[in-house]
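Chain lettering (A, B, C, D and E) follows the sequence in which the chains are written, and residue indices restart at 1 in each chain.
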């Protein structure tokens, strides 16, 4: 249709959806809604991953982000009882300022990233790099060290969360 | 690498100490761990020239070893300083392990050879610090500090990632050597430069170069003072090694594209930091602005454009001098403030109450101000000397004026020490053995290296 | 001989140090003996040196002791230079000085600062000897400033009186103005001729005409005007009468003030080479002579009259110098030293008798009470008035003859000044000694002749005043002019009197007649008519008022020099230092603090704004990136 | 050898005084150290008479390999003279301390003064630019602390201003030095850089005129602030007035010699061409300063402040002499540095005595002291005459040579500078008259006999003033040789 | 060009999402939403990484995404812990209330 391939169509739709949901995240008044929109957005992003033949990542994205992290968010929101319909908003001036700064940022960045000149590099067909085998191979050979060291990060996060959550007992 | 592993083990062991109930030996254990790491560093320094680990992810060459030694020394001094703090702190275990984990991030940053390790280093360094900044749980200011640091830090991480992604897009690899290769070719797309700039921005955020410094004063003020001391030292040291590595070596082909921006940032940053510091009333906030100013001065090494051992020597010397002086200053303020708010007024008349502390503070401040015979002078000398060779000779004037403004607020602090207090405070200041040790060691280090800079400034030969 | 010269100079210094340090513990008589003895011994040695000099070939004796100031080409030794000129001078200094020391023993009797006085006085002799004996201009300068210092100390001797202190300070500062001229002259001399030593400079052919010669000569002359109280720097001398009278006699009449003449004669080569400077010296001298003489006619303080007389006489000497009559001026210096010292000492005797009163309106008829003083002073007065055969006549006549040859107008001025001299001197004499006593009866009872320790010096000086003219009897009278031939070696460009004998006779006649007429006039006014100086200045006519107020010169200097300087000082300190410079420095500081305050305030604590600012920064960086 | 002793001895004193166990006897200990230092300086002076003792006077070790900075001391020539002055003045300073002064931690004052002495020794003796700078900056700290701790009211702002002024100056100086240091690489084929004084002299001549000018101004600002040369002087009067008297003596007697010494050995010979180029400007600035300070001194009512301006006038003349770049000017300056150090010490000592005996130093409140103490007034008079350069006092030879030197370049300069001769006499005699002469004023102060220590200090000063006035060669044989090297 | 989709488009998409995230950080007062926006920013970059990874046929880009996710998770856990603590202290997570640290 319109001279566009399926890939291109899908990309267009998914992009549109992800942008739309992202905007909803920002604009929705209730934090709960924001979480839900964010999950929707993640789903569209996972779609894009699929489009890019990164099936494993797409799944992980949904499992980790939409499944785990977002639930964490929801929990916290519920915990804090923030599910009112409205909450205090920034002043219009701040919003306009934020919007215009964001707009400028976008403008400048797209201007910079426009002529990427990487058109000489093209790829057609089905990519296998995103498959779990190849990812695992890379992860446990080339990226073994980061993989190991990231445990420190998780440990640290854990320790931090524990410390924050702990009661002050001498 | 030995250091990294030792610290990692110490951190994990520390983390487990609560479960296995050896909290009592935790403190000596940590000191021991740091000492052993230091020992390993010396061993490795003597043995080989450089070790590569895990497919070029890490490169423990002399540079990494030297700077990691500075980091270890800083953290060692920090532990001496934090002893008092630990005594009154419930979550000792978490603190110890978080600090050690943060140190691991710092060690990664001095040894990285790959953008992945860079990213992980930055994050491992930062995330424990976010928590530590907020660690005074009952204090909303501390919470706020942690929160602000976290939000802004993550925001900056976003830019770091964006930059890394763009560079990856350019070269198809995270390996810095390959990126360097690609950058040397002719047709480099402009988004690569944007990526480099983004990485620079993210790192500038970490070392707080204006206008990416906004978190610094607030977080420094809000955090417990020991954490502030840690933040202001190891973060600066490690991230500056990263900056130097990237922007004077690996990204050097793109040098003309960002150097003028760096110049502009330095000037702006120096002006903003020094001017803002002039009328501060909070000691930590003042030192925050001072740290911004120091970071900008260190960044001058990038624009000096000297790509040999002398730059590394200069950075090593500067980070060493700055770290020791900072720890010294913070620890004295900690003692004087006695867990109350660290306004500058606590220093009033200190000289007449506890002259030893004030001598320590004077030496620390003079070192920061770059007065001989303290180490800070030689550090400043190095910068000026490097600038003299650079195409931006006029920056010398800026550096001089910044130095002068800097000395103004250091002197203002010194002035307070000699101000007669109207009502002498009732509680006498107590100095623990650890603090004695810390202060004496720091003073000796600052003076010895100031008088005999060869001891450090000759670390890297040609 | 080196030792002798050194002793001549150092003996007074030794006396000074002894009296200065231990004087308080010694008896008064011992102090007096030490002081007078040291100068006396010096005098004896000076005679020895003088005699010895006659046998030295070339009549120059240069004794160098050590190198004093050395720098590159500049090599100033510390040493003494005895030649015809300085040998005469040391005789006068130590001789007259000795007499005045003796006199002072009586005069200063029982004063609080007795030993201090003698210490200063000896110190003065020491510096004066250095001045004339020094073998370089720098050494001369040492003495030059040193005598200024002693003059300062002695004028302000009675330091409790701030008036006296003011006079002392004025003397010192005016001298310093002259000294600066001298200093600059030396500096330029060195620049042009590469040396300041007499051995180099006085060699024939070293100093030759160049454009700076005039400048050097004039600067030297500026120095001389300061020291020798010439226009425009003369006003300190009358004020200097605040010091003890023997001091006025020694310093402000006989020796120090004639240093200017010594210096000009010593540097005669510079002056002779420059017509301009000669003309200026002569003119200034002439005008000063007349100017001071006019002022003197209306003064009523006995010492002030003598002071103006000194200024006038010094002017006369410079008039002679301007005419190239160097030896005549030196001759006049010597005779003047005799009679003016005598006059001052006599005046001191009068004051002593009057119990400190100096106002001639309150005197009169003293000749009966203090005859010795009267007669000696009469001799001196006749001598200064230029009546032959007393000493003043010969020296003055010689000068005037030379001036006549050079410039008739200046000669006329000189003659008028001489006539005025005779007038006011006799006015003083008549008012003091003749007529009836006008003071209080208490004072009258107290009147007494001075002790012999004071009168003997008077007598000796009176004899010298009377016969001093023998030193330079003019050739006109068939004698050989000893002093002129003696000084021949010192003077490079001699000027010989080219006048015919007739003319000389006529000139001599005019001078004597003028003097006699003035005396007669004074006699008519003050003895016959019994006129007295008015007590109330309202009775004066306008021109008299001007003269009475010394032409308002002090006031003029106050208005055009002192006040502007003080005002400039205030501008410098109050305006420039305090407002402009401090304002600049503080202003910079305040601006920075203000900016600092403003920059500090952008840290408003709200995270959204922080991130906006960061993003804005990033945007700007992206825009600027190449 | 001797140089090391001269520097290390006060340092040891400094460290010992900080020990708690020595605090009780601080004064005695400090005097011991200062006195011994003076003896060492005298020995160094004596050693200079022989050719064969040079090895004792010279020290040269490599100090910092990384920048090739040396520990290079040579106790000779002007350095020797200034070392002697340094030792002398510190002795007098210590003698002058009253028990009532420095009541909070008196030992600290002695310690800081010794530290300062050590730093200034270093400045004067070193022939290596890097250590010169280090010592230069180091000397600032103790005097700053002295002013801060024991200054009069308003000390905070004034000491800050003082510190900043000199700090800015010295940073510029440092920049200039670094610039020269990098250019010493041109001197040898290997490109080895050096901080050596003689290498600087050569390197300076290799620079282009523009570069020389830049270096000249950088160094000049550094030195001129310290001296101070008009118009960079606005820190000076306030600081002098505000410091405790011993601090003032250290500042005026010694510290500003550092600036002059710098001009003499680290500026004029380094970039002679630039000096020639800018000479008109800087000499005129210096001479303007002379007149300006003299005139300002005329209107002062505080004797200490008057002396501050007077000192500025005198050093302005010395600076002019140095900048004239003539043999006589420099020789004169070298002698005058010592002379100024001595008589200014004496004058401030006199101020100290006024404050001690009468509790004031306002000229208007004093008067008639001569009636009370004749000996003191005589000593004061001699010192005062020394300061107005009366011949046969120490001040004369130097001032005369400076004027001679100035005249070599321009007659006008020496004429204008010479005006200070008159103005100096005016303000000095004016204040002498008001303070010492006249009848006793009706205020209830007494001025009895001087304390022994005060008397001997003044005697010492007067001795130097007179002896060196009569025999200036005692100094100038050494300075002259030293300076003649600059003209080869 | 990946399967006919120019790589520019991916970059553009990524940039847009990134910007939206950034705007969210600036415009919202609720701390939790701010966190979400930061997550959004990280995800935007992930797209970019995956796209480049596919373009270059290089798996390391996608491996890197794992790390990013881990880091994001760690950040979120720490962040939420801090937020809970703040909530405990002041019963609110409004950033306007979290602006006590200022000049």
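The rule we apply is simple: a residue touches a chain if its C-beta (ideal position, glycine included) is under 8 Å from a C-beta of that chain, and two chains touch if they have at least 3 such contacts.
All values reported here derive from a predicted model rather than from experimental measurement.
Enquirer: Starting at chain B, find the fewest moves between touching chains needed to arrive at chain C.
Expert: Minimal hop count between chain B and chain C: 1.
Enquirer: Most central chain by CA mean?
Expert: D
Enquirer: Farthest chain from chain A, comparing Cα centres?
Expert: Using the mean of the C-alpha atoms as each chain's centre, the farthest one from chain A is C.
Enquirer: If you count the C-beta pairs in contact for each pair of chains, which pair comes out on top?
Expert: Chains A-E share more contact pairs than any other pair.
Enquirer: Between chain C and chain E, what is the gap in Å from one C-alpha centre to the other?
Expert: 98
Enquirer: Determine the centre-to-centre distance between chain A and chain E, using the mean Cα coordinates as centres, and give it in whole Å.
Expert: Measuring from centre to centre gives 6 Å for this pair.
Enquirer: Report the inter-chain centroid distance for chain A and chain D in whole angstrom, where each centroid is the mean of the CA atoms.
Expert: The answer is 71 Å.
Enquirer: List the centre-to-centre spacing of chain D and chain E in whole Å, with centres computed as mean CA coordinates.
Expert: 65
Enquirer: Got the chain B residues that touch at least 2 other chains?
Expert: Residues 116, 120, 123, 127, 130-131, 134, 137-138, 147-148, 151, 155, 166, 169, 191, 193-194, 217-218, 276, 280.
Enquirer: What are the residues of chain C that contact at least two other chains?
Expert: In chain C, the residues touching two or more other chains are 600, 603, 605, 607-608, 611-612, 615-616, 618, 622, 625.
Enquirer: I need the residues of chain A touching at least two other chains; which ones are they?
Expert: 90, 94, 97-98, 101-102, 105, 109, 112-113, 116, 118, 142-143, 146, 150, 153, 156-157, 160, 164
Enquirer: On the basis of the stated criterion, which chains touch which? Give every pair.
Expert: A-B, A-C, A-E, B-C, B-D, B-E, C-D, C-E
Enquirer: For the complex, give me every residue of chain E touching chain A.
Expert: Going through chain E, the ones touching chain A are 1-9, 11-13, 15-24, 26-30, 32-33, 35-37, 39-40, 43, 46-47, 50-51, 53-60, 62-63, 65-67, 69-78, 80-85, 87, 93-94, 96.
Enquirer: Show which residues of chain C lie in contact with chain D when the two form their complex.
Expert: Its residues touching chain D are 20, 66-74, 78, 116, 138, 141-142, 144-146, 149, 152, 156, 159-162, 165-166, 169, 172-173, 176-177, 179-180, 183-184, 186-188, 190-191, 215, 565-566, 568-570, 572-574, 576-577, 581-582, 585.
Enquirer: What part of chain C is in contact with chain B in the complex they form?
Expert: Residues 592-593, 595-597, 599-600, 603, 605, 607, 610-611, 613-614, 616-618, 621-622, 624-626 of chain C touch chain B in their complex.
Enquirer: Going by the contact rule at the top, pick out the chain B residues touching chain E in the complex.
Expert: Of all residues in chain B, those touching chain E are 116, 119-120, 123, 127, 130-131, 134, 137-138, 140-141, 143-148, 150-151, 154-155, 157-158, 161-162, 164-166, 168-169, 172-174, 191, 217-219, 221-222, 276, 280, 285.
Enquirer: So in the complex, the part of chain E that touches chain C is made up of which residues?
Expert: Result: residues 22, 25-27, 29, 34, 95-96, 98-103 of chain E touch chain C.
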